[in-house]
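My structure is below; once you've seen it, I'll send some questions.
We just call them A, B, C and D in the order they show up, numbering each chain from 1.
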Amino acid sequence: MISSRQAPIAPPLEVSEWFNTDGAISLADLQGQVVAIEAFQLLCPGCVSHGLPQAKRIADAFGSDVTVLGLHTVFEHHDAMLPVSLAAFLYEYRIGFPVGVDAHHKPGGMPITMSRYELRGTPSLVLIDRAGRLRLNAFGHTEDMVIGAALARLIDEQPPTSST
Amino acid sequence: MISSRQAPIAPPLEVSEWFNTDGAISLADLQGQVVAIEAFQLLCPGCVSHGLPQAKRIADAFGSDVTVLGLHTVFEHHDAMLPVSLAAFLYEYRIGFPVGVDAHHKPGGMPITMSRYELRGTPSLVLIDRAGRLRLNAFGHTEDMVIGAALARLIDEQPPTSST
Amino acid sequence: MISSRQAPIAPPLEVSEWFNTDGAISLADLQGQVVAIEAFQLLCPGCVSHGLPQAKRIADAFGSDVTVLGLHTVFEHHDAMLPVSLAAFLYEYRIGFPVGVDAHHKPGGMPITMSRYELRGTPSLVLIDRAGRLRLNAFGHTEDMVIGAALARLIDEQPPTSST
Amino acid sequence: MISSRQAPIAPPLEVSEWFNTDGAISLADLQGQVVAIEAFQLLCPGCVSHGLPQAKRIADAFGSDVTVLGLHTVFEHHDAMLPVSLAAFLYEYRIGFPVGVDAHHKPGGMPITMSRYELRGTPSLVLIDRAGRLRLNAFGHTEDMVIGAALARLIDEQPPTSST
């Protein structure tokens, strides 16, 4: 985990469409909260077998102490993973937390938020602290034991004072 | 497994598009072979975790003794599982056997082959003997031990004589 | 699987103590039956995670068509795996089929039956046909699909005629 | 997890024999350290499949930040789980952290440390803070996510001052 002093401010999310939420969600709205973002693609085997189940376990273990979001960062097979497929995927896999579709400047290529966060692929897990700083950016498989420890520490950090 | 005497002739496949094969495949072409058909939908969790891995294990264990086919029987979320998504799915999940898209009379609803076989849902595993008879039609999870036994018996049956 | 013509007669079992059965079991008594013998040691991790669960799946899938036996072939840590430990192990792991303790000529070293069968280690799965011939002798992990096929073929073979 | 104010001092360990360590270990010696104790029996299926692998993951994830100990709390099948069997078990299952044999006042029955901690069975995971207080006492299966969080919090607590 990146120390709070060295951590950069997490870039804003650029989302073209949200699922499982009434309105759009911005990181600014989540200031003061610990946020876990699971970046995935619905046709990514490692996301289905590891990343998304781990995100569910985060939500189950931490409840309201962590805000869990999904981010559908389509950087390949773009036509195969349109929002209509994502909606059915979220329903079939019983994913209940809010999921945003990472926006593209133009069709194809890397989506905007994925580029801003310099994600190396999917699945990636991003942790953001109460002050909006990017504290973990992990590609692939990370043990629950390690993620549980990282989240406990972020939860226990004092929220930033109002002057910040 | 249905006894050879009581087994009906397997209905023909009605496929709108094939993947992983140069040309269309018909059951008539496969006469004399033992055929295993894995009926699935790409957004069906049980197909991803159980049905398709089992189909791969059939192909691995029996090689040329069994012809393994996939059948994409979309009966829900039709717009979410178009052929373009199937193509990417087959690539990402490393599925190498031929897969046909079950055709629809009209958009939506049950696909034609699925109706002919009276499949109860996905995943379903269909086994066809050398004489083209439908010998097993199993919905959900069936143990490898049982499927391995059924296939060995179909392989060992004599092919039908030419007069048949 | 070894062809019936080339298969040797399975050597007799040399068992010092039986569990989960009222009396001693000999292969001669089982003539006419298909027999699966799971050779294991209670402190062998691969036996606990793979071999014994597979033996249970054989019993579940084939019922009275296959006689499943366990054989406790202790060839290392002899003092650590005495019959008193085996009895508790069978109870805790819910193993209900008969299990014999492979006998030793003298304390330590390879047990007698294990030597007769030239087993390479544990777990090993041995399949014996209705005529008492040794048809499979597999060390380590073998897929259920393959074992299911082998057993179906042994079940379907004609029992030896009385003159044999 | 029990709050530091309400947590009782962890009772001393009563160990008749140690494995994987040069000398006896007492909780008094570990004052100032976070300690995780995995209470298990070698013939307990849930210990083999869940408890001990989790203890290994604790050791892997936290390294020198957590002292991991095993405690062989034999309360059933006493003759089946003697130290000679434990030694072979630890070798075969590649368990490298120190393991103590929970002592008995007399043969049979509940071992002493298990009684002092009022453990409900095996596996049980006990967490002790830097001040020697009992902070978690969990029977059965607890998620890694939850254990990782609990350990991070114990690690981050200040060690007690000398006057305490």
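Note that in this section contacts are C-beta pairs under 8 Å (C-beta built on N, C-alpha and C of every residue); 3 or more make two chains touch, one makes a residue touch a chain.
As the structure is a computational prediction, the values presented were derived from the model and not from experiment.
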Contacts common to chain A and chain B (chain labels): none
Chain D and chain A are one sequence twice: same or different residues at the contact, by the over-half rule? same
On a C-alpha centroid basis, what's the spacing between chain A and chain D, in Å? 35
Centroid of chain A to centroid of chain C, CA atoms only: how many Å? 51
Using the touch rule from the top of the page, what residues of chain A touch 2 or more other chains? none
Graph of touching chains, which shape: line, ring, star, complete, other? ring
Inside the complex, what are the residues of chain C that reach chain B? 57-58, 60-62, 143-153, 155-156
Spell out the residues on chain B that touch chain A in their complex, using ranges where they run on. 42-45, 48, 76-77, 79-81, 84-85, 87-89, 91-93
